[in-house]
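Got a structure for you, questions after.
Letters are used for the chains, namely A, B, C, D, E, F, G and H, taken in the order the chains are written, and counting of residues starts over at 1 for each.
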Amino acid sequence: MDKEEIKTLLKNVKTGKTGIDDALRVLRSLPYVDLGEAKIDTHRDLRRGFPEVILCQGKSIEQIKRIVSGLSPDTKFIMATKADKAAFRAIKRIRADAVYYERAKIILVGKKRRKKSDKTILVLTAGTSDVPIAEEAAVTAEIMGNSVERIYDIGVAGVHRLFGNKDKLLGANVIVVVAGMEGALASIIGGLVQCPVISVPTSVGYGANFEGLAALLSMLNCCAPGTVTVNIDNGFGAGYFASLINHMGEEE
Amino acid sequence: MDKEEIKTLLKNVKTGKTGIDDALRVLRSLPYVDLGEAKIDTHRDLRRGFPEVILCQGKSIEQIKRIVSGLSPDTKFIMATKADKAAFRAIKRIRADAVYYERAKIILVGKKRRKKSDKTILVLTAGTSDVPIAEEAAVTAEIMGNSVERIYDIGVAGVHRLFGNKDKLLGANVIVVVAGMEGALASIIGGLVQCPVISVPTSVGYGANFEGLAALLSMLNCCAPGTVTVNIDNGFGAGYFASLINHMGEEE
Amino acid sequence: MDKEEIKTLLKNVKTGKTGIDDALRVLRSLPYVDLGEAKIDTHRDLRRGFPEVILCQGKSIEQIKRIVSGLSPDTKFIMATKADKAAFRAIKRIRADAVYYERAKIILVGKKRRKKSDKTILVLTAGTSDVPIAEEAAVTAEIMGNSVERIYDIGVAGVHRLFGNKDKLLGANVIVVVAGMEGALASIIGGLVQCPVISVPTSVGYGANFEGLAALLSMLNCCAPGTVTVNIDNGFGAGYFASLINHMGEEE
Amino acid sequence: MDKEEIKTLLKNVKTGKTGIDDALRVLRSLPYVDLGEAKIDTHRDLRRGFPEVILCQGKSIEQIKRIVSGLSPDTKFIMATKADKAAFRAIKRIRADAVYYERAKIILVGKKRRKKSDKTILVLTAGTSDVPIAEEAAVTAEIMGNSVERIYDIGVAGVHRLFGNKDKLLGANVIVVVAGMEGALASIIGGLVQCPVISVPTSVGYGANFEGLAALLSMLNCCAPGTVTVNIDNGFGAGYFASLINHMGEEE
Amino acid sequence: MDKEEIKTLLKNVKTGKTGIDDALRVLRSLPYVDLGEAKIDTHRDLRRGFPEVILCQGKSIEQIKRIVSGLSPDTKFIMATKADKAAFRAIKRIRADAVYYERAKIILVGKKRRKKSDKTILVLTAGTSDVPIAEEAAVTAEIMGNSVERIYDIGVAGVHRLFGNKDKLLGANVIVVVAGMEGALASIIGGLVQCPVISVPTSVGYGANFEGLAALLSMLNCCAPGTVTVNIDNGFGAGYFASLINHMGEEE
Amino acid sequence: MDKEEIKTLLKNVKTGKTGIDDALRVLRSLPYVDLGEAKIDTHRDLRRGFPEVILCQGKSIEQIKRIVSGLSPDTKFIMATKADKAAFRAIKRIRADAVYYERAKIILVGKKRRKKSDKTILVLTAGTSDVPIAEEAAVTAEIMGNSVERIYDIGVAGVHRLFGNKDKLLGANVIVVVAGMEGALASIIGGLVQCPVISVPTSVGYGANFEGLAALLSMLNCCAPGTVTVNIDNGFGAGYFASLINHMGEEE
Amino acid sequence: MDKEEIKTLLKNVKTGKTGIDDALRVLRSLPYVDLGEAKIDTHRDLRRGFPEVILCQGKSIEQIKRIVSGLSPDTKFIMATKADKAAFRAIKRIRADAVYYERAKIILVGKKRRKKSDKTILVLTAGTSDVPIAEEAAVTAEIMGNSVERIYDIGVAGVHRLFGNKDKLLGANVIVVVAGMEGALASIIGGLVQCPVISVPTSVGYGANFEGLAALLSMLNCCAPGTVTVNIDNGFGAGYFASLINHMGEEE
Amino acid sequence: MDKEEIKTLLKNVKTGKTGIDDALRVLRSLPYVDLGEAKIDTHRDLRRGFPEVILCQGKSIEQIKRIVSGLSPDTKFIMATKADKAAFRAIKRIRADAVYYERAKIILVGKKRRKKSDKTILVLTAGTSDVPIAEEAAVTAEIMGNSVERIYDIGVAGVHRLFGNKDKLLGANVIVVVAGMEGALASIIGGLVQCPVISVPTSVGYGANFEGLAALLSMLNCCAPGTVTVNIDNGFGAGYFASLINHMGEEE
């Protein structure tokens, strides 16, 4: 609900078109769908430029079903992340047009946004085990209307694998680096390129990796400026942020 | 055993009504039921205003059964928390009048306490995944004789969802905020309302959430005075404390 | 700015008494004093029932001076916490009526609130080293218009020291337990009394105390319901919360 | 191999009874049974007063079987800890005289040591969930020839449960306190009694308990002198140490 | 050294203009100034779009002096961060044109970059104590050629202070949120705006803040997408990244 | 106050020698000296066999002075630990007979207890830097009436230094091992001797020692049974416990 | 691609044998096999002296299969670590000559390297549970062409078990110490021998072992110089490094 | 004391040349100098190939003086690490021939060992602030008779600085990588070279660096085999280990 809408509302109050109590009610009941346990922020798209996304992890299948069922059947766009196959099957039964990106663990009802430019987000992984989180980032960015390139498994232990991809590195508009273990790939990329770099630590590794802590601390301490970090395994957050900045400078 | 009882005892000793050795025995054997592995604190209601509650988590089904069986069949009130269905089935076989609050994971034998006032405890959650812990708090408070309102899933990412509920927020006598991830809802509520706020961090989240540590530290560092914190996932403790202060000022 | 004020505003818009743009401005410019680096929340008293308090720790003397100077000279009430002598001297030069509670490290300009009842907040410490934080809690509660009793150094290693004070324990309306090291006093008090207990872990101790972590975890895991916890060394927060609930049930 | 044995050996070398190379070999081949993956320290009883004990946790059933099979069939005494039923069944097939203490998860082949005195080790738990670790301590101490008393579930939230057991507390020669959650029972007992107290933190609890860390830190920071701590869930270590000091002062 | 330069070099080798050994030497000696203990990356501007910056923290005054002295006197641009007054005095003696941004602890030799657009970076702080780190971010962004707006001390405990600044919030192209304690401001801003948000946790706070850990974890777990995080107290990194994305879409 | 005293009191109540109110008062006022900020547990010697000891660390000089001044001038025994020279000078002015054990940082007013036996407590350190904590243990044990032997700097890196001291090792009745860094000495001693071993981790070390955490964890995980652990740098606690068990078996 | 190859390439460019664009392409396309999700570093052997090894942990069976299938069928050497039986069966179906070292969890396709010397790597474990990680180290070293001796279960609690193996200890060229719990064996070996010692902490243990943290910190703080540490449970890394230094001094 | 010496001793016992008690004494009194608080391991050179080194950090000046004074004046070689100027002045007064390596904080009395080969240890740092720890490693290695090359400040943010030094990298026999912050340099070097790499994390950095923890975890998780790690800031340990393996293959 932006300034103009409030202005109109106030005008209507002035002219008597809207009663005072009605105005109060409107101000109170901002647009969201209340499902009891969950409130769908249908206002999100307007306010933040992208609809609310359902994080499946930590929710029971029952809860996910109630949320999707609770949405109006003509809701054109539903996206769910960290969704396993059971979550997909549950949603599929309600919305037959649901699609499952298995490696990314993303469920999509509706269409990807249209690309406005050919500026590219490049998603890199250090290893093969980091691919699911990278896919979460890549698919998110694609859904949000971006060109995405992927280069997987170019980790530090064979850094020459980077060189064959140097053009892609230098040509990217935004880079997402997904790495577990010691997360050093973020530092190397951060030191080479000019574009913004978003680091995603993953929980890939063992021992003193401590479920991604090693990569997280490494990335936070990255001595190359131009890099930022998101939560461990937060591919969605990285893809979302990458999309935000990849769209910057576009006429809206 | 309060001062008056001791006084009476001493009087009886003086008048010879009670022998010295008997007095000693009374002083020693405070009222609890000894079941070997467990001692039921039957004195708790007298001393603390509410009977002992069985925490099922960490106990074997065998242990839970022994405890419930060990109680006199005319024990009117038994409450058990963090109880799964197996625990419920086990208790149900001993006490047919047992009721199971499934979302709250609470088992109740006996009646809820009678409400003495219409002062309300408001239980909020940031997300849908926090609901089970919120229910543990809400049901506990209801059992202890309080009016409870619930508003679930009004988390920080869509803070406008709070506004439609502003009357409830301002009308509450005590607020319980249940939140995982970064736990920021506690700070926002704490900065808006005048009544006491009890924050319950949950283990909902992933990565650098570290099983609720992020929400816990966030809530402990809350810069809005008027908020306190309980253990991660301790819905029962929050509901109990909320009840304690909601009953303050009532004639007893 | 509560519902009634908005209603009045809307009425004035309707009757033309207030122009639309003026109404917008009012809604926007909520009352606070903007000092650049600091914004004094002069609206706090109205909204939350107590004015904003200056946390001196982490602020330079220059910043503290700018904040106090920036306040209107007829501001009747200023409170500052975790203030060392240098902070006091700086404020004293601006506001000659400033008073310093040295053990509590609290500076007060203006009067304590009037007590409305004789319900007592009891502040306990486990040891002598915990006294400064306890005083922070006690003085805060006194300033907020409460009767405060203190019992210091009754720690667990000589638990019989509690017994001579049993009447005070049972007579208190709210108890604040301040303890460092293993923080076990909170559990013992929590198991004995019926009233709400607020635990304040302190950073007193050494070695595996880890700057108060031991006491904090101990208090958070307290198995006696009816206890809640605030941040390590947060005497102010405990005193504030204790005051909030001590005033409950009072007619306002 | 003590001083006297070396002296004898040297005498035999001097008199020619033992050749130099033989002497070297004896000095080299101290008594243990080499099973490849495991070396049974058959010398342990001589050197440390009690035979080596098999910690089953972390060993495969295959490894446990190889160790027990590898021992000479006339080994009179075998003790295994943290043993599940599968481990017991495996050992039982090799040594039919094996006995399983289920709650304690201890397997015993052979006889308990004879008691030399009636000095008592008292094993306490704060809660019912702490019983398995307490049993590990108690059964260990019984096997090592001690009188053991148990009082279970006398935790801090109902501290009066201690009083009916005051005679046992004051009569004990050594006390083992087993507690999870905040571990405060150790501090209370430590402040009351004169005899040595051994604290065993357990991993019982949830949330900010962090798998026993809260209880461990609490016990390490215990402000009552006369208490020491062992590893989380190390009932065996506590029972062993309790036995060591309970036997002190006995003629050997 | 980019592709075109290599091509030219190879052409020169082909035509004999450059000898093979010379080509090798060029390829080897990439442009940096070697000062023994330090190597000034004079190639940085070309490669990454901005010259190397000297982090003074952790370096001795001697080291800082050697680095600045080692640079050619016609180096037009030198920037140093986390510099105290002693560092400034040392540099000032070598480069008389050095300027000190005291609150930001930044030293600048040379001119700020020219602004190419009026897109604004908005820097917010939760409290007054967070200002030094916010200034580090703001001054960095200004030096890099950006319009910067500042709103300080609008923390969560008085969230209405945000509203008078709503236009600035919604008008910003990039937002940097600087907050210590529980860092919740990042979540609130993240939930309100559409533009990218960069969170900077600070070490402001005490107790269970653990030197900024609470704010860091809070920000990493931020449930509002569109926010990323940098290291605790890394104002420079945030300002640098904000500048990178604020310049996106500009013709270069 | 033991059973017999209560019996006498009750008898006196019965015979009317003691009034009921008087009896209540006696039961309430257990013997301690109340100095406001501090309560001296004068009952400690009776109850626990040794008077209360003043931990100077964390107390201001003013507090220490108030405590010592508050004690009756005919208090025969005062012991203070972790006392620096300023604390000593302050106490010396009040009690001219105070003695300072500088390496141990212990102040003693009064006499050491008489030795009842020649059983020896052996105090070992891994390194020279561990000596102050070792002295704290050794002097505590000497004050409590024990024969103490010291062997310092026999750390693991030169384990043969143990052998020349083998007789002392095998002859000791109790061993205290004081070690920082990796704390491995405790494991080695624990594996060699038959007597109880008390491990004291120290904060000696750097880097991943994390202020004694490495040694603490190492000692807690000691795989040799017969060893227990106290808090990091808690020499007093180790000396006290060592004394307790060294006196076991003595006729009292 | 070393200096000589570049020289040749440049010569060919000069003589026109190689076109400029071709030269560029060669420089870009360093030899690796790109399988999309994985890139096999076929250049590794040349560059680092040993081919890339597949870490199975964290990879799905599908991913492992794709990697092995993607390799040319005449790849002579494939090694995979932390491989369970399912991984082995999957690889076996593709490469029938695959061999499984079950205790070591290593899969090998191809031949072990030929030993060049009889210098021995000695692999020790503290306990039986450490054997799998020790085998990972030992088998790795054997595959890389080393003589390996094993002595298992000679932990600290029975340190005399070392002596019968003194010759092996002193005769070894490199020692790998594998230990969980408190990891003290590394310190003891480190203090006895002259050769380099590589410590491998394992996650064997429970409670305050914290998944290997205790052993890791212990080994990092080892006060005996001549020891280094690898990640918890990283047997492969230890075996690899041991092989590297065991081959030093060999003519290549 | 090796096997041959024991043999000779036994022979002498046999022939009567040495009495049994004398033999015992010899076996007991292994060679070290006992200074009470410190025991100088004069046997270290024989046993481990290098004399004991004095770690000054954590020792008082008095202790250091006592140790150096306690050594026989004809001790030819004394080395002390982490020594500040005060320590140097104290030692200089006792041993006028003492030399101070200020950057390395190493004191040396006596001569560096003679180099036996020209195999080089290469010491790298990521930044300028890491130089002191690098010097500790480099000077240690030089004292132990090695050729040492240094390349400082070639950190990840300007990785091209490595290339001009590629020959040195490939020519080194052992590489020591010293890095703070995110420690990624170790991974890059580890992925490029064939020789063993020893990583030294430093405490250089701020915020989520947590005193070197970030670099330590990063290095432990290094995915390039052929690298090992020592304690944070342990330059000496790295230099010592580098020397050990650099001398391998030399005839002794």
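Definition applied: a residue touches a chain if its C-beta (ideal position, glycine included) is under 8 Å from a C-beta of that chain, and two chains touch if they have at least 3 such contacts.
Computed from a predicted model, the values in this text were never measured in an experiment.
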Interface repeat test, D-F vs C-F, E-G or G-H, passes over-half contact pair overlap for G-H
Per the C-alpha centroid definition, the whole-Å distance linking chain A and chain B comes out as 38
Chain centres from averaged Cα atoms put chain C and chain G apart, in whole Å, by 58
Between the Cα centroids of chain A and chain E the separation in whole angstrom comes to 25
For the pair chain A and chain H, the C-alpha centroid-to-centroid distance in angstrom is 49
Contacts with two or more other chains occur in chain A at residues 27, 47, 127, 157-158, 191-192, 205, 207-209, 213, 216, 220-222, 225, 231-232
Each pair of chains that touches is included here, namely A-B, A-C, A-E, A-G, A-H, B-C, B-D, B-E, B-F, C-D, C-E, C-F, D-F, D-G, D-H, E-G, E-H, F-G, F-H, G-H
So, in the complex, the side of chain D touching chain B is made of residues 127-129, 131, 152-154, 157-158, 160-161, 163-164, 166, 180, 204-209
Chain A residues touching chain E in their complex are 47-50, 53, 173, 191-196, 198, 216, 220-222, 225-232, 236-237, 240-241, 244-245, 248-250
Contacts from chain A onto chain C in the complex sit at residues 3, 6-7, 10-11, 13-14, 16, 20, 23-24, 27
Contacts from chain H onto chain F in the complex sit at residues 27-30, 32, 36-39, 41, 43-44, 47, 52, 55, 57-59, 63, 67, 82, 201, 203, 211-213, 216, 231-234
Note: in the complex, chain H contacts chain A through residues 126-127, 155-159, 181-184, 187-188, 190-192, 205, 207-210, 213-215, 217-225
